[in-house]
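Chain naming follows the written order as A, B, C, D, E and F, and within any one chain the residues start at number 1.
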Amino acid sequence: MEPWEEEGPEVVKRFMYVNRKAPYGTIYALECLEVVLIAAAFDQDVSVVFVDDGVCQLKKNQDTAAIGMKNFSNTYRALDDYDVEKIYVEKESLEERGLSAEDLIIPVEVVAAGNLREIMAQQDVVISS
Amino acid sequence: MEPWEEEGPEVVKRFMYVNRKAPYGTIYALECLEVVLIAAAFDQDVSVVFVDDGVCQLKKNQDTAAIGMKNFSNTYRALDDYDVEKIYVEKESLEERGLSAEDLIIPVEVVAAGNLREIMAQQDVVISS
Amino acid sequence: MKIGILVNEGPFTHQASDSAYRFAEAAIVRGHEVSRVFFYNDGVFNANKLSEPQTDDRNLVQLWSELGKANGIDLVVCIAAALRRGIKEEVLKDGFRISGLGQLVEAGIENDRLVVFGD
Amino acid sequence: MKIGILVNEGPFTHQASDSAYRFAEAAIVRGHEVSRVFFYNDGVFNANKLSEPQTDDRNLVQLWSELGKANGIDLVVCIAAALRRGIKEEVLKDGFRISGLGQLVEAGIENDRLVVFGD
Amino acid sequence: MSKMLHLINKSPFDRNNLDSCLRLAAAGSSVLLIEDGVYGAMSKASSAGAVSKRMEDLTFYVLGPDVSARGLDDTPLIDGINVVDYGGFVDLVAEHDVAQSWL
Amino acid sequence: MSKMLHLINKSPFDRNNLDSCLRLAAAGSSVLLIEDGVYGAMSKASSAGAVSKRMEDLTFYVLGPDVSARGLDDTPLIDGINVVDYGGFVDLVAEHDVAQSWL
């Protein structure tokens, strides 16, 4: 029996959505965000992680006018409205790219790899895209 | 005017097909091979290059029975029947993977990066997949 | 054990759908229940009934459809991903159904494990 | 100058088709002739007329079709790649045609440049 | 703490998936190499040192069918990597609390 | 010798495309970074040293629309990289004998 099964009918699982890919070059960033916004309605414990090139999804000042693709970066701001508050960005990935929390479009929790290890190991479901 | 235009109606261009991807994980190896076999019928100057994980396409003893995918490695043997004889494998890519020419399913010309630079720079059309 | 599967790539271009299929088959042989396979991103192409591989190649659209019917697996194609990629009822292989992303989250909630296959 | 283009990925999942489209448009503006665009690998999905993006998103299937018709570009979908992926005449957008891989080699021979967009 | 099974399906020669996993996998987890990820099991792989280094606190597996498909049955693998088939893959998923794919 | 234009569309943080191109591009060639390849133009990129080293015998370009899309207009680029738009991309293709995409 799993821990949550003791809680009766209202199962709450810890869902983590992991983003490792840059935006626009592929659609994974956008389609993962679409899942997270739906997931927010399910009363589960949702967290979203950005590591490696995934941190680039949150870079400020994206302007897609000249590539003709939809700029979806403002949609990350909606995460707060949907009560998705656990947003983790790996410190090492940010630093490797010369970025800091001030460069990001939303407030996030910047965590070192050692801490992210612990957070990742506390999940019940991990969805990558 | 390009050099070949002086040769009159029988234009012969140097076509190079570049393979940088491992087989089976993606279809690019197979679909590139399909292009090369068609290209062979066009009386152009065809060469095929394997670099990086592309060299793994030619590894001997592939057995796909348990993954349920078609083993197309024997088809590389047909390149010779189609008079595609310029088959280059980068030495550095082979060595990095602990492989040598004896591990490959067909005879190839193993060339060092420095020489491959020259060969690549002599092409008229380069097709990657 | 109840297992859910997420497939993010179409047949042929990436091995993801092949791996997911072999995994699902093996799970059933081991006595587990594969309750749902959710097809997202390019995974929606696994439901295209017009797919016609060469006769000596595997046909994943057919294989998924048969595996689903024989074992009561709910094969769900994401409607948002499918619409933009042109996978609609008129080309949908039997055994698949089109539904919302909520079905993926549900698969995460209701199964003991969710295994993701992608690029 | 005569330019040929090879597109190896479908719309949406990779930027390849977007980049190829913007490049083709710019080439025409610069006075070049884009004689043929060959769609290979998952690129064949660019010809799926059932594709229905959200209304505020670009529709590459439509865009390619219009650009092709307005500028006499030969939009060729590879038959071998298309068959296995289920792109057939019944879902083919107008302005595209299905033909063999020889058309790609020909594009390499007959154009001054061939530019490849893929993953 | 959940016991994690990490899935790697990309070649370490070409992509950073395995590197990232090795950086972020908690002690006691397992790593299963599948598809092009099996190149990471070659003793000559660029990442072999990093894998060996984490043999102490992680358990490594490789999917045999993907090894055979790529003609690597005769190629030396890193010492201590366990070979499983699809049935073994299923068992690993069942024995661990969570499967995480490093896409 | 053909004058080559090398096209890179992958992030050097994630993939080896730029590395391979830098190893195999003949002197006198040009390199254009597009799509996710534009991350290779960041002065902080892991590959920045290798790029700078080949500034002597290669010419580097980056596609501005892809830089702007990714919010990198305010981010320092490697000294000596030229920014072009799609029209400039077309001009580069026309000015070089062959375009080679490092997929």
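Heads up, the rule we're going with is that contacts are C-beta pairs under 8 Å (C-beta built on N, C-alpha and C of every residue); 3 or more make two chains touch, one makes a residue touch a chain.
Remember, it's a predicted structure, so these values are computed and weren't measured experimentally.
Contact with chain C and chain F alike is made by A, B, D, E.
Annotation: A-F is the more contact-rich of the chain pairs A-F and A-C, by number of C-beta pairs in contact.
Using the mean of the Cα atoms as each chain's centre, the chain most removed from chain D is E. Comparing mean CA positions across the assembly, the chain most remote from chain C is F. Where chain C touches chain D, over half of the residue numbers in use are shared by the two copies, so each contributes mostly the same positions. Rounded to whole angstrom, the centroid-to-centroid distance between chain B and chain C, based on C-alpha atoms, equals 34 Å. Between chain D and chain E, the centres computed from C-alpha atoms are 38 Å apart.
Inter-chain centre distance (chain C to chain D, centres taken as mean C-alpha positions): 28 Å. Mean C-alpha position of chain B lies 25 Å from that of chain D. Chain F has residues 9, 13-14, 16, 35-36, 65, 85-86, 98-99, 101, 103 in contact with two or more other chains.
Shared contact sites, meaning residues of chain B that touch two or more other chains, fall at 20-21, 24-28, 52, 67, 69, 125-126, 128-129. Taken residue by residue, chain C touches two or more other chains at 8, 12-13, 15, 19, 22, 41, 54, 57, 114, 116, 118, whereas all remaining positions touch fewer. Contacting chain pairs in the structure are A-C, A-D, A-E, A-F, B-C, B-D, B-E, B-F, C-D, C-E, D-F, E-F. Considering their complex, residues 18, 20-21, 28, 51-52, 90, 92, 113, 116-118, 120-126, 128-129 of chain A touch chain E. If you check the complex, the residues on chain A that touch chain D are 24-27, 67-70. On chain D, the positions that touch chain A within their shared complex are 12-15, 18-19, 21-22, 54, 56-58. In the complex of the two chains, the chain E residues touching chain A come out as 1-2, 4, 16-17, 20, 23-26, 29, 97-103. Residues of chain A that touch chain F in their complex: 20-26, 52-53, 56, 59-67, 69, 71, 73, 96-98.
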